[in-house]
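Lettered A, B, C and D in written order, each chain numbered from 1.
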Amino acid sequence: MSNKKALKIAVIGGGSSYTPEIVEGFIKRYDEMPIRELWLVDIEAGKHKLEIVGELAKRMVQQAGLPIEVHLTLDRREAIAGADFVTTQMRVGLLEARKRDEHIPISHGVIGQETTGPGGMFKALRTVPVILDICKDIEELAPDAWLFNFTNPAGIVTEAVQKYSKVKTVGLCNSPINFYKFLAKEYGVTERDVLPEFVGINHLHWVTAAYVNGEDKLPELIGKGREYTASNVTAFDWDADFLSSLGAIPTYYLRYFYMTDKMLEDMKASMEKNGTRADVVSRVEAELFELYKDVNLKEKPKQLEQRGGAYYSEAAVNLMYSLYTDRRDIQTLNVRNGNIIDFLPEDASIEVNCVVTAQGPIPIPLQNVPAHVTGLLHAVKTYESLTIEAAITGDKGIALQALVHHPLVPSVSVAKTLLEEMLEANKEYLPNFFK
Amino acid sequence: MSNKKALKIAVIGGGSSYTPEIVEGFIKRYDEMPIRELWLVDIEAGKHKLEIVGELAKRMVQQAGLPIEVHLTLDRREAIAGADFVTTQMRVGLLEARKRDEHIPISHGVIGQETTGPGGMFKALRTVPVILDICKDIEELAPDAWLFNFTNPAGIVTEAVQKYSKVKTVGLCNSPINFYKFLAKEYGVTERDVLPEFVGINHLHWVTAAYVNGEDKLPELIGKGREYTASNVTAFDWDADFLSSLGAIPTYYLRYFYMTDKMLEDMKASMEKNGTRADVVSRVEAELFELYKDVNLKEKPKQLEQRGGAYYSEAAVNLMYSLYTDRRDIQTLNVRNGNIIDFLPEDASIEVNCVVTAQGPIPIPLQNVPAHVTGLLHAVKTYESLTIEAAITGDKGIALQALVHHPLVPSVSVAKTLLEEMLEANKEYLPNFFK
Amino acid sequence: MSNKKALKIAVIGGGSSYTPEIVEGFIKRYDEMPIRELWLVDIEAGKHKLEIVGELAKRMVQQAGLPIEVHLTLDRREAIAGADFVTTQMRVGLLEARKRDEHIPISHGVIGQETTGPGGMFKALRTVPVILDICKDIEELAPDAWLFNFTNPAGIVTEAVQKYSKVKTVGLCNSPINFYKFLAKEYGVTERDVLPEFVGINHLHWVTAAYVNGEDKLPELIGKGREYTASNVTAFDWDADFLSSLGAIPTYYLRYFYMTDKMLEDMKASMEKNGTRADVVSRVEAELFELYKDVNLKEKPKQLEQRGGAYYSEAAVNLMYSLYTDRRDIQTLNVRNGNIIDFLPEDASIEVNCVVTAQGPIPIPLQNVPAHVTGLLHAVKTYESLTIEAAITGDKGIALQALVHHPLVPSVSVAKTLLEEMLEANKEYLPNFFK
Amino acid sequence: MSNKKALKIAVIGGGSSYTPEIVEGFIKRYDEMPIRELWLVDIEAGKHKLEIVGELAKRMVQQAGLPIEVHLTLDRREAIAGADFVTTQMRVGLLEARKRDEHIPISHGVIGQETTGPGGMFKALRTVPVILDICKDIEELAPDAWLFNFTNPAGIVTEAVQKYSKVKTVGLCNSPINFYKFLAKEYGVTERDVLPEFVGINHLHWVTAAYVNGEDKLPELIGKGREYTASNVTAFDWDADFLSSLGAIPTYYLRYFYMTDKMLEDMKASMEKNGTRADVVSRVEAELFELYKDVNLKEKPKQLEQRGGAYYSEAAVNLMYSLYTDRRDIQTLNVRNGNIIDFLPEDASIEVNCVVTAQGPIPIPLQNVPAHVTGLLHAVKTYESLTIEAAITGDKGIALQALVHHPLVPSVSVAKTLLEEMLEANKEYLPNFFK
């Protein structure tokens, strides 16, 4: 990519409530990274939302006085053709499917969560074929484009693209950027002054060092019991003895593994009260779209931050900017493992610090890998890779093996029950399994 | 070791009810592998049993008309000095400790078992310092001797010896030899005609091929639902779909992992009825020693086979014989990993096929490693290695990490509770933790 | 392969002067491994030799009173169809080509030798396409057959088959078996009592241990300056200081690398006197065929042993026997590396100890790899793998890289000169390079 | 290291003719990286030079109007105590030793060069014990200091420090920075706009990609025959076919390996004409010190650039600056391998791109490793590691193995001759070999 030309961006799932975030990001960076065309594309079922959010995007650009063309379309190929960057933020089966991903496991006493365990598996089984379809379009119409994948389970989806297409891709999560921000705030410095080390995979990483101006503040942070967390995961406190012998700070998603009993109870309780997380999100979304409709709204509304994906678009715009300018800074991304985590397959996706050049992000060797967590990490990655294989082949046996060997699934018989019930419930989105 | 000289054997824990088995083995092989001296050694607390079983051993030798000298002693150093082979079969804390290893976890809803999970950890914490003490004697008094370790958890204990002493050691389990026998019987051939492939570690292996006269019968065995099992593990049937998608036969111990809920329920039920496995063994042992006392008994009594360690001594005598004669046959043993399982540390102990030369067993590269099980295998081995580190250092934090990351322990808080309660209960055997 | 049925053997290049050796081997082992059909196949140009040696083979079988059918044919497919074992002993371009392989390098001051360096490369470039053609027939007509490759450069040819066909193959060299025999003789024991360890690749291995009845005699052998060698490589003495600091015994072929100057001088001198090794072999062969014609000759003539390939057929028959009977003994063979030599590619061929089961030879982990030699070993293997790539693609650039990076080629300019001259000289046998 | 405080620098071998370069570097960067104290330390024999160059340094600082204290001392410990950075630029045995390193090999028909082959070995054998002695002082007196090693053979010396001391160290060579400059100049861009990839070890690397504003210009450069080189290595042209099939640009030092015959001839010829490179350097140095004496000289004289180490100090100051400011830019440095080059030992030093954080340089995974060169690279690294072992132990056998297996040494007998003669010639500097 030449670093001279103005850019074309395609946002798949452009009707998402997140879109104003990324539009704001483009506006802020316009001087250094000029966007020529922004294509918001969605499917027929999302047309109404696309129009609402698209009009808001246009108003935001106009308000900023910038010559960015905003296009709304249902024609994916038109949006992709010649794009420099393609982002995906989609939900195959919509929030209804998410409800099932959460509801069914919980009803069998298993964590129901859309990024890991049975819920994560089914979200992946629905999404992988769709994303690979999009990749075919990119291979044909924009072979030099970078695909940024935000779609959960981001680690699995990214790995699937890396294995089964030629598209250049990176997986993005807001959890790392949130830690940078937490750390900077904690020590009253800028984000550029901090450098945490992340070890692991998407939603299953550990922070193993936390440099602030070159000094490792991790022991201090662990001692203080200071922690970073997110609005969408219940923030039970970590046990102090556990953290200190772990010698690392687990991502908040690791509560599903380290506090399984408590988290499950909490899920059940809040399901009774508020419904699942999917139900909560439904309500938040409905409110957001009400706001978006207001023709006087010309900027990203504050309420969007509650939605749960804080700083997602900042992460994306940062990455674009580094690829565009060959910035060679360090960012925490989902990329192909290579030799970085030596016990995982080379073609597994991992979430670690990378130096971002114009050729793409290159993962940096890890300085501290806690021996304690290697088995857990290996087990979840195995589930992820098997899930991809199942999505591609439609092989129920492989899906069963993936579930059985996931640490949150208690036995073969529970795995079988969940598999049957969830396959049936997702039938219309799983043609590979029902040919 | 020259293959000419007659041998000196030292049996640590010689007062064990298993001793008649190994004596029988020596008698049967005497022509090819002449034993000159057999030293049965035990601790003060085991003196009475040592005398009973020792006298039986003498009667067995006399009955066979062989010039094997049987010595009974409480002086371990005397027994070890100049030995060619040392075997260990011991139980630090006796059956009382085993009861606690089983009882405490079950009372907190966790599998209570003396070879894995919390029970396995505490058996290891008690045993590792004692075995390393024995190793110091061997290093000094019989530096060329081979140490055969039968003591459970055999994988952990063997790895501890390999890491922390210079003694040449092999870990032995009867589970593989039972599979050879099962397979030979199933197809009506001799054991020499079969060659199963084992992948994994002690009590956590999968049979991934089952050659009978050069042909792989594994698919057939899986199809038939034929299985091998042992008297000491409840033999719930494997799910057919699970086995067939697994493409391997799990050892019966894997029921603790694949049928956790059912096994736990079964443990609870049979605990109410018969007490724990430790209680059952107590009763069987008492009966055996009654038999052993009979001066007319001059051979191994049939009832010993019920004891649960069938063919242990056959495995041991086989191995001795191959080391003694440089036989270069294939046996399934617990040895140092090296590069065999590439995602485990080189100094981990694994249980795989080895070719046994006079220099010791060399593990053979694996031909089939099911991707499905790599995470589970890695997780349990991590627990094992951390357990050794905890045993050596007496570091509670490491012990906590080991427990938390064991797949059968459901959460950090359960791990903490178990750790505290079991440390307290084992206080007198854990000087490293209570200095 | 069932171990019941009588076997069909196909010998490609059956008109070779070596054939009586292998026939003798089959006769000796007949009781344990009955051969039903022996097919000797050759090309049109070798018809005359095939008839001579074929008739001798028939007389040998008749003399032994065995019901082995000996077939002579020019139809390779007929010979291969349904065979259990196929062996190759061939020379594309005949001895004339070998003369050029030796002559041209020597004339440019470079070792000229048919198994390494420029000579080895060109022998490989001529042979690889032919052997892969044979493999296509085997894949089609005898998919379960084992292909034993004797054809030099055996390491390269074996690796090519492993990489570019599905045929099960093993590379065989007589150098290891000669060392077993040397060692047994030196210590007055049987070959079964010795176990040397070989580290390396074909014609570039080091013996790193030499067990005799379980005791390592290597230091003693190095001290004595005792060595094994072959009639076809000039046996200059090894320097004692060098051997002792090396801590291993190099194969006699390593003289080309460790005594390059002396060996080159010797080659030049003997070329003037006797012509190249090819010329010597020519004369020996002519004499052998004179003997073979004698209708009274009914056994392998003593003179064959001078030919340079002593015990080749013993090695082959040993291997067949172990595969046929699932013997699980240790033999030194050329097989796929896997993880055995960790710095070489997994699909490289290496020459190491293997345990031979009915499923094939499995290489055994090495116990001692001298750090000193790793670079040399890596360099020559790189040349070998590049040579295969050049043979397949006909890419001159890859051939140039292979030559430049071979340790016996002194510079890029010499490499270019040799490449041009030898390509031209071998034009008719290198269609891939001259399309 | 806090990024606030002013720095103390110790230059071991401060009397070197290079010193004005590094002083100039400190002056230029003063605003961003303030030096408080600059300690130039040398040995008694170098006192005179130290005074001359030290006075020049003081004049340079004064001219720049900066508050940098310049200290001259023969007391190494005083210089090191509390230093933030220590650099070494020294020559054990002075230029007389270098003459021998070059002269003796050439007289036996072998490349005589102070950074590889026999010459490099002996420079290393003399230097390693001295540098490790310095490291002991650093461990004691400045445990947080970074040691920058410029002393040749830089790869070996750096690896020795990494293996045998706790000092944080980086090896520096000017060859990479020269390539950055060559590339930037070639395309008329700034150095920040270029990013070449380096694969290999010190003085034996290949440039495998040459990004200019994100586009790989390597194929173009190879096609044009454009090359970078240095004044101290004769710049024979590379063969076009060779370069294009290599797919990489070799460092100019690789001419010793790829054009051995020509380079040797050239060395012999220029030795007759001008003496060895050591003689040339002697003359240049004498002239430089004449200039330095001039009290009117207050800046680095132009003539220093001819000396052969162009941009050495720029490289050093760049690195210091990045460590000091946690800059996280990419620099090409000699560091511990880890998993970067997977066929070399983890503790080998390699020369590759690193991202430089305040914690030190972290090597970045390589994107292109030409298979062709792996053997050569492995062979030379093996020689390097053995050389270190020989330097530490004084073991002649290991030194012999290192020489024999170096690609530029033609045979065991030449290696032995060289070893004996060079050991004798270096006797006074090799106490480990002559105890």
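Quick notes
Assume a contact is a pair of C-beta atoms (placed from the backbone, for glycine too) under 8 Å apart; a residue touches a chain by one contact, two chains touch by 3 or more.
Computed from a predicted model, the values in this text were never measured in an experiment.
Path length between chain B and chain D in the chain contact graph, taken as the least number of steps between touching chains: 2. Note: the chain lying farthest from chain C is A, by mean C-alpha position.
If you average the CA atoms of chain A and of chain C, the two centres end up 56 Å from each other. The geometric centre of chain C is 46 Å away from that of chain D, both derived from CA atoms.
Residue positions 342 of chain B are each in touch with at least two other chains.
Viewed as a network of touching protein chains, the structure reduces to one closed ring of chains, two contacts apiece. Chains touching one another form the pairs A-B, A-D, B-C, C-D. Residue ranges on chain D touching chain A, taken from their complex, read 1-3, 193, 195, 211, 213-215, 326, 328-330, 338-340, 342, 355, 357-359, 362-365, 367.
Taken together, the chain C residues at the contact with chain D in this complex read 238-239, 241-242, 244-246, 258-262, 342-344, 371-376, 378-383, 385-386, 395-398, 400-402, 404-405, 407, 410-414, 416.
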